[in-house]
Amino acid sequence: MKANRDEVLRRLRRIEGQVRGLQRMVEEDRYCIDILTQLAASRAALTQVGMQVLDAHARGCLTAAVQSGQSEPAIDEFLDALERFMK
Amino acid sequence: MKANRDEVLRRLRRIEGQVRGLQRMVEEDRYCIDILTQLAASRAALTQVGMQVLDAHARGCLTAAVQSGQSEPAIDEFLDALERFMK
Amino acid sequence: MKANRDEVLRRLRRIEGQVRGLQRMVEEDRYCIDILTQLAASRAALTQVGMQVLDAHARGCLTAAVQSGQSEPAIDEFLDALERFMK
Amino acid sequence: MKANRDEVLRRLRRIEGQVRGLQRMVEEDRYCIDILTQLAASRAALTQVGMQVLDAHARGCLTAAVQSGQSEPAIDEFLDALERFMK
């Protein structure tokens, strides 16, 4: 979990840098298509972080909840989060 | 275009703040589901910015290219950007 | 599970009808935007069916696997399926 | 446009077959993960058809509208269709 947390933080810092880079691109009136390409990259990077958090959650909290007989509310919550994420 | 640029910049700054907030959430070991919900919000916000840039591009560069008889390469480029963005 | 199966089948039959309707629209040279709108509806309907199958799987096979101490391979498989589905 | 239409029809027929195959898989109680994998493939195939229709529309109707000075309503309509499709 610790290794996973450091990896998630590293990725979020990189995404923060990309979003700052995007602001510069807009301020410098860079070509729309280049801005879109960078936006697509940042969005894909956020999706990747989401998959990593889903993974950690499924192996951690969700597994623990099922093992302790609390599977119903844990699975409801997991699927709700998933549905929000897929929109 | 100027109004649109200011709006895009405002949104990107808000997304940058959300991504920094996400880093804090991870550092403070906040609940995965709350992190996922915030990730989904930032991702949706980036999608919205993308739609706004697509809009500006379609009304600006793309329209100008079609009017000056350069529609083919401009549409190729637009659809490629769209495809990358939809992944 | 039986009720869920019937609901999934009902939705898939409706999607099959939509896809046949799309073929007619294309054959009759209907307006692209109307075709796109119907394509978007069919795609959203398939996503909904996917969420329902994910739900049934999480409550059924995945919960059973975790309870019987087989959580690792079951969660790997679940997240792989999810990743393919989100593309 | 004719070649594109035939290709779109061919793809839609294949998707119809996949959706019928999905119904059989559900009736035969096939493993959820296999059903999800097939659902993801059909959904990706519909997305591909959507991109092809967007392409035909951009090169055909949209270009014609811009050339005849009707770019505003045509681009509004195009971006609305795109937004519905990306959901």
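Every chain is named by a letter (A, B, C and D) in the order it is written, and numbering of its residues begins at 1.
Assume a contact is a pair of C-beta atoms (placed from the backbone, for glycine too) under 8 Å apart; a residue touches a chain by one contact, two chains touch by 3 or more.
Treat the numbers as computed from the prediction; the structure is a model and nothing was measured.
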Per Cα centroids, the chain farthest from chain D: A
Inter-chain centre distance, chain B versus chain D - centres from mean C-alpha coordinates, in Å: 23
Chain centre separation in whole Å, for chain D relative to chain A (CA means): 27
Between chain B and chain A, distance of the C-alpha-averaged centres to the nearest whole Å: 16
Set of chain D residues in contact with two or more other chains: 47, 54, 78, 87
All chain pairs that touch each other: A-B, A-C, B-D, C-D
Chain D partner contacts - residues on chain B that touch it in the complex: 47, 51, 54-55, 58-59, 63, 66-67, 71-72, 75, 78-79, 82-83, 86
Residues on chain C engaged by chain D in the complex (per definition of touch): 5, 8-9, 12-13, 15-16, 19-20, 22-23, 26-27, 29, 31-33, 35-37, 39-40, 42-44, 46-47, 49-50, 53-54, 56-57, 60-61, 77-78, 81, 84-85, 87
